[in-house]
Amino acid sequence: MAEVEFSNVQKVFGDRTVIPGFDLQVRDGELLVLLGPSGCGKSTLLRLLAGLEPATGGAIRIGGRAVDALGPGARNVAMVFQNYALYPHKTVRGNLEFPLHMRALRRSERERRVLEAARVLGLEELLDKRPAELSGGQRQRVAMGRAIVREPDVFLMDEPLSNLDARLRVQIRAEIAALQRRLGVTTLYVTHDQVEAMTLGDRVAVLRDGVMQQLGTPADLYRNPENLFVAGFLGSPPMNLFEPGIEVRAGGRALRLGGRWNTPARGIPERARYAGLRPEDLDLDSGSSDRDVRLQGLVRAVEVLGHERIVYVDTGDRVVDALPGGIGPTEGAVAARLSGTATPEPGQTVTLATKSDSLYWFDEQGRAIRAGG
Amino acid sequence: MAEVEFSNVQKVFGDRTVIPGFDLQVRDGELLVLLGPSGCGKSTLLRLLAGLEPATGGAIRIGGRAVDALGPGARNVAMVFQNYALYPHKTVRGNLEFPLHMRALRRSERERRVLEAARVLGLEELLDKRPAELSGGQRQRVAMGRAIVREPDVFLMDEPLSNLDARLRVQIRAEIAALQRRLGVTTLYVTHDQVEAMTLGDRVAVLRDGVMQQLGTPADLYRNPENLFVAGFLGSPPMNLFEPGIEVRAGGRALRLGGRWNTPARGIPERARYAGLRPEDLDLDSGSSDRDVRLQGLVRAVEVLGHERIVYVDTGDRVVDALPGGIGPTEGAVAARLSGTATPEPGQTVTLATKSDSLYWFDEQGRAIRAGG
Amino acid sequence: GGDVAQPNGPAGDQRSLEIWAHAGREEERRTLEAQIDRFRAERPEVRVDLTWIPEGSYNGQVQAAALAGRLPDLLEFDGPYLYSYAWQGHLKPLDERLPERLRKDLLPSIVAQGTYRDGLYGIGTFDSGLGLWGNRARLQAAGARIPDGPGDVWSGDEFDALLEHLAHDDPDGQVLDLKLNYTGEWFSYAFSPLLQSAGGDLVDRAPGGLASGTLDGPESVAAMAAVQSWIRRGRVDPNLDDAAFAQGRVALAWGGHWNFPGYHAALGDDLLLLPLPRLGETMVTGQGSWQWGITRRARDPELALAFIAFLLRPEEVLAMSEANGGVPATRSAVQKSQAYGPGGPLRLFARQLEEGYARPRPRTPAYPVISDAFARAFQDIRHGAEPVQALGWAARRIDREIRDNRHYPDVAEAAR
Amino acid sequence: MSRRHPGEATAAWLLMTPALAGLLLFLLLPFGLAVVLSFSNLRMASPLPLEFVGFSNYALAFSETGLLRALLNNLLFALVVVPVQTALGLGLALLLNRPLAGRAVFRTLFFLPVVFPLSLVAVVWVLIFAPGPDGLLNAALGLLTLGAWEPRDFLNDPFWALPAVMLTSIWQGAGFQMVVLLAGLQAIPRQLYEAAAVDGASRWRQFLHVTLPGLRNPLVFVVIVTTILSFRVFDQVRIMTRGGPQEASNTVIHEMVRTAFDQGHVAMGAAMSVVFFLVILGIALIQRRLLRQRGEIA
Amino acid sequence: MRRAGLRALLAYTLLLAFTLLFLAPVLFMLVGSLKPNERVLAEAGTLRAFFPDTVGLDNYRAVFERVPFELYLASSLIVNGLIVGLGLVVNAFAGYALARLRWWGRNAMLGLVLAVLVIPFEAVAIPLFYQLSWLGWRDDWLVQAIPFVANPLAIFLFYSFFLGLPRELEEAARVDGAGVLRTFFAIVLPNAKAAFASVAIVLFLFHWGMYLWPLLMTTSEAVRPLPLGIASFHTLPPLQWGDIMAFGVLMVLPVVIVFVVFQRWFVRGVASTGVKG
């Protein structure tokens, strides 16, 4: 067990700078999630830490020891790969034993550890099978097992759930969290799935183009995103982001949303350029007076998910997409997570309401403007 | 546009009966989702409808016309495959044009339709690229495009989203729904992801081993599952299912949950064997008297998802898993979706409470016992 | 004490002889093996390593081995290559070492063939005979005149007429076997006598002589035209199975002594041995066969010579002659030979050699090229090419080879 | 970068050295030697001193030997054998790419000739081409044409000798094409056919729009390999016809071996090697061009 | 349904026709090897060529009597064993170093391999023959094998196979503490069976029939391989076609066995290496 430290780590592939300079301290025993869109450099960071790629610059420490000159085998980290990378020609036992073999452990010790790991992960029955004979979830567990037998200083996990189907993903996600907490091994976990990041991480580091956007607990990131990118990346559906008209009006600074001017009770910060609203903070207008911001629009689509409804409302506002690639019918629509039982129909006109302190504000550069700031 | 009708359709592969006898009427213009676990025969049904497999028995009608003797090309259906099956050597334009070519449409008409489809799907910029140069989401859209240029009677979609990542899946899901509604083409949509089924389907047909379990609107299936299988398949996390002790006690029939006997105000049906509770119907006990069923247990794990928390509580009850393959730390735990802000810590003892009319009841065969039934 | 050398022990006197021989007919190979056994019976201290080399690539093998310095002690080679090997310095002259008695006993054709620029480099234990095999019954049926010696042969016209006669009664009209299935050296050996009989030759035999004007001269061209006409008229069996004559498909077969056992077995008393036809004044026939030579790098030339001498003993010469049907190389053996002695069925071959009807092939290192060029020309002519052009091409090739090699100066002599 | 991976570089050189040594000693060095020798007068059977003769070997090779004709023969050989053999291989692959019982057996049977050494194939086919009405092929053709066929001596007929060698080669090599194309066919996703079927494409259209484009890489591969092999034909010629009659079936390699080995004219053989290499190089370069032009498809 | 049946019938008809064409020469050889010598050619034009009325193993006996067939076979097996055995190791090593390791000179080496890929062996046969003859090296097994051990095509096949192998396997092994060589032997080798099998078959097929090189380089019967054997047997008088056919059958038998045993791997290997190009 050890803390991990990246100091100004850089990585250049050919003439492409993938990581321009990265700093991060992972605490001993913590599960830290690296979250970011595809291609932002998450895997690269893991591979730099594992020693699979040489860094172009900077220093990496594990447990206080500089590891830059060490090969992958000497760093005492264990890695779980996205597609598990189980040795297809070895049985489950062989897979679990291999890293121990490499460490020249005594036979009895090897067997003890393999059995222990198999017990922890419920793999006892499968020890003599080969990976091809296992289901996706079982393979995932074997990959985990191969990591834990090592009793390494650090676990590295590169999207270990992305090859599983939705149902299994939810289940194993919980298993991983529990296991990591039980073993208490420092863990770096890479994902581009924000739900995974939120449910698993002690802390989450949000990356974009190799640059850290924000580091904090899931709740922190969710409630206090530092910029548009983080705000738009977390949550499902993510935060609704607007570029509203803002004017000084009778009653103070007002913003134009859903075709009408609202004057939020909490006021509008000076430098505000963009506004954000979480879907769950929006509800159908019940006329209640503490909801002082209202948007009117046409219902475009409704998603019914048993316990909740998500309504996409076309308010005619300028909607901002912090991520690339958004086209299609929900574009420009405001998502609201309705909790009541009333379900508007597509085509209906509805008024959504929220409290003004649910509004997030961002400046021209997309930086969050903290309440009162 | 047309309605689709399966009458006692059977399919046998070798000596394996995959579809023992299937009846279904898809209404004109409806989006009907076929939902079921892997291997239950969903794709087979689509392929039977498309004419890619000959049926062993029964009849299929499209728009009232029996199609059993027609080849795939003559049925005027369009299919979107799971991995899109784009022609790799053709450009996007070539892909979109191909079905029109096969129908020997005039050149000007072909171009008109291709441009129209490209516009609808935002593919204008990509017309001269080849599939290998496109991102997953773009490929998906081309596959959709190839289906819509045809202006077919029926769309068939076989897990069209399963190759996309989480974020894109959510986005394109909404696009598909909107597009289908706009075009109003009868659509059969196959998935094993219940969230997809719930958000997309006008109606959802739940399949198991080639046998229809229930057919209804998403809300209907969610609120009135006809059996344990449907109950356990929908929802994330799915319904908590118990096999509680049931006894006649002072105050009426009581059930043992979380180590204590509850006497639900609404009573317990005669034939009740299994009980079910949706996670969102459970909350931390606030002492409120309308929550007359209580479970006590140890918190195993907590998942924080921004707008909600899911708490897994170990109540010591016999928990039923309607699907195969459940092992690991959440096994046997009761999931509760907490809405408040209080977050219990793992290891803490909590009491969950619910109203007795939130309880679902199932008989020995797993059939739902309707309220009052 | 086993490592103390015994003064007279076999280990001390162990002598060895490495021999390459061509993989000829089975009987021939068996005989040579038996001869080696008999030789070793007399000289138990001698070890003999014998390698059979397929005829098709024999010269290539010798050249390759020479290049690698891996020639054996005793080398068998087809007569015409001798001049090339000798020029290159691969062979030791045999003259000084050969007992005079033995030398006198050799047939003149053997000596002629083995001599290159005044040195004797090779000795054959048999010579070859080239002639026509005839099917007596069919010839008689066609009313053919049967020549009775090398001086009395069919003229070209007579031969032509005979072919037509024979063809008349033949189901497929193919009555002559030219052994077209043979490859390599056969064509020069078997058909250059026709050129010579007509007054031409492969190459001008005068010192410094070239092929142009001779090989493509009118005499040579006429001779080849005659052969071509036989083929063109469909008188020649392609003989793919090597059994045209033995199976009676043809009445006449160009051939040599080696055909005798098989043909005799097939035809019995119907088998006739006849001289080749003549195209000019006199008949000319071929000669020469495999010879033995001692390589320059031989470790034990005395032993090698002793082996050659052993092979030239009358009984050994006869043994080989009986095995392969070749003409015995010594006069004494010819006299004792049942086949070649007076009254023997193959007497004609011996007479041809002794009476000067046989002519050695050109004794120049260029011979392999000459032979190859002629063989190619022959094939072309066979398939219808104009003899003038085919032979002209061959002559130019030969001349260039000779010039490229600067008329073969005596470099080996200088290097010695 | 390699500074950070010293172990890897050492290991890499360790792994590379044996192969590298082999390639240098047995391929590059002799090739360099061929170039050098081609300008000399080296003969296998000549004690004359080595001399530099400039390009005369090249000039003579084209003017006086059968090289030019041999090159043309090779070209003709390639022009016939490559399309025919590929079409045959493709046909067989298509036949075998359907769910028929006994597929593996048929595949093995069609591939069988490929495992036959050419030297053996040649000997067997010499017999098949036997002249006269009793020859196997002559008899078969006679039977098929109801006796109209004039028996011929294929291998000794200036018109038929090269086709005979071609036929032998096609018979021997089609199975190879078949296996490669079969592997290519099986790599085409079945869903593409299904998509095309749903799109209304007939079998023929499916072949044109799915199969052929999907087979592009394997097809290019087999065409290139067969073309190069067509220029390397030797064994059959050596054994069946020795290049004859009248050079009708001579090939570059055969001429080269005959010149260098049978006639000992090593320098001219070396010149032929160089010419031969240039021809092969030309083919390879054309191949690269073709591949690159549409290489982005995959 | 009926159309499918018709189509299958047509396919089988075609297949059978092709089988006849492809098999006829093989059968002809097999049958010929069992018939008396003189009848092979005599009956070539009749149905007897395929349906003999008398069969016997005399020709096979004759092969062993007339030539040291077992020596030829041994030579071929030894030479091919050397080529395939050493070739697999040497070329797999090189292919791996090129595909996976990072080292200075890698691109140059890759370029070299691709460049020599187009040098046909025939173009260097004569000078190589000279080169080795000057060294006095000829007429043994090694000289027939060693020049063919390093094979650019095999290197290239291995290279592209290793490129296609999921990198994660090796990275997992490296993280697990295995060095480069250990990773190669413990992880890569066991997962490259298809590549090894198909390269082995390719090398074997290529060299089993090798004719020109041994023709140049060997003299002794003790090291003469089968293709030379059959060529000299074919020219060895008297020409006995039955014996020649028997020789042929004996010669091809080992390859057929090798192929039938490994063909599954071969077909898969072809798919995984050469074709993607």
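Letters A, B, C, D and E name the chains as they come in the text, with residue numbers starting at 1 for each one.
Everything below uses one rule, namely that a residue touches a chain if its C-beta (ideal position, glycine included) is under 8 Å from a C-beta of that chain, and two chains touch if they have at least 3 such contacts.
Since the model is a prediction, treat every value here as computed from it, not as a measurement.
Per-pair counts of C-beta contacts peak for the chains D-E. When chain centres are defined as mean Cα coordinates, C lies farthest from chain A.
The mean-CA centres of chain B and chain C are about 94 angstrom from one another, to the nearest whole unit.
Taking each chain's centre as the average of its CA atoms, chain A and chain E sit 55 Å apart. For this pair, chain A with chain B, the centres built from the Cα atoms lie 25 Å apart. For chain E, residues that reach two or more other chains under the stated contact definition are 41-42, 130, 179, 215-216, 228, 231, 241. Listed for chain C are residues 60, 64, 67, 183, 240-241, each touching two or more other chains. If you check the complex, the residues on chain B that touch chain D are 47, 50-52, 71-75, 77-79, 81, 83, 85, 87-90, 98-99, 102-103, 130, 132, 146, 150. Residues of chain D touching chain E in their complex: 1-2, 5, 7-9, 11-16, 18-23, 25-31, 33-34, 37, 42, 92, 95-96, 98, 100, 106-121, 123-128, 130, 132-136, 138-139, 142, 171, 174-175, 179-180, 182-184, 186-187, 217-218, 220-221, 228, 231-232, 234-235, 238-239, 253, 256-257, 260-261, 266, 269-270, 273-274, 276-277, 280-281, 284, 291. Put simply, chain A touches chain B in their complex at residues 38, 122, 135, 137, 162, 165-168, 170-175, 177-179, 181, 192-195, 198-199, 218-219, 222, 234-237, 278-280, 300-301, 303-307, 310, 312, 323, 325-330, 337, 339, 346. The part of chain D that touches chain B in the complex is made up of residues 189, 191-192, 194-202, 205, 209-210, 213-214, 216, 296-298.
If you check the complex, the residues on chain E that touch chain C are 38, 41-42, 66, 129-130, 132-139, 215-217, 219-221, 228, 231-232, 235-239, 241.
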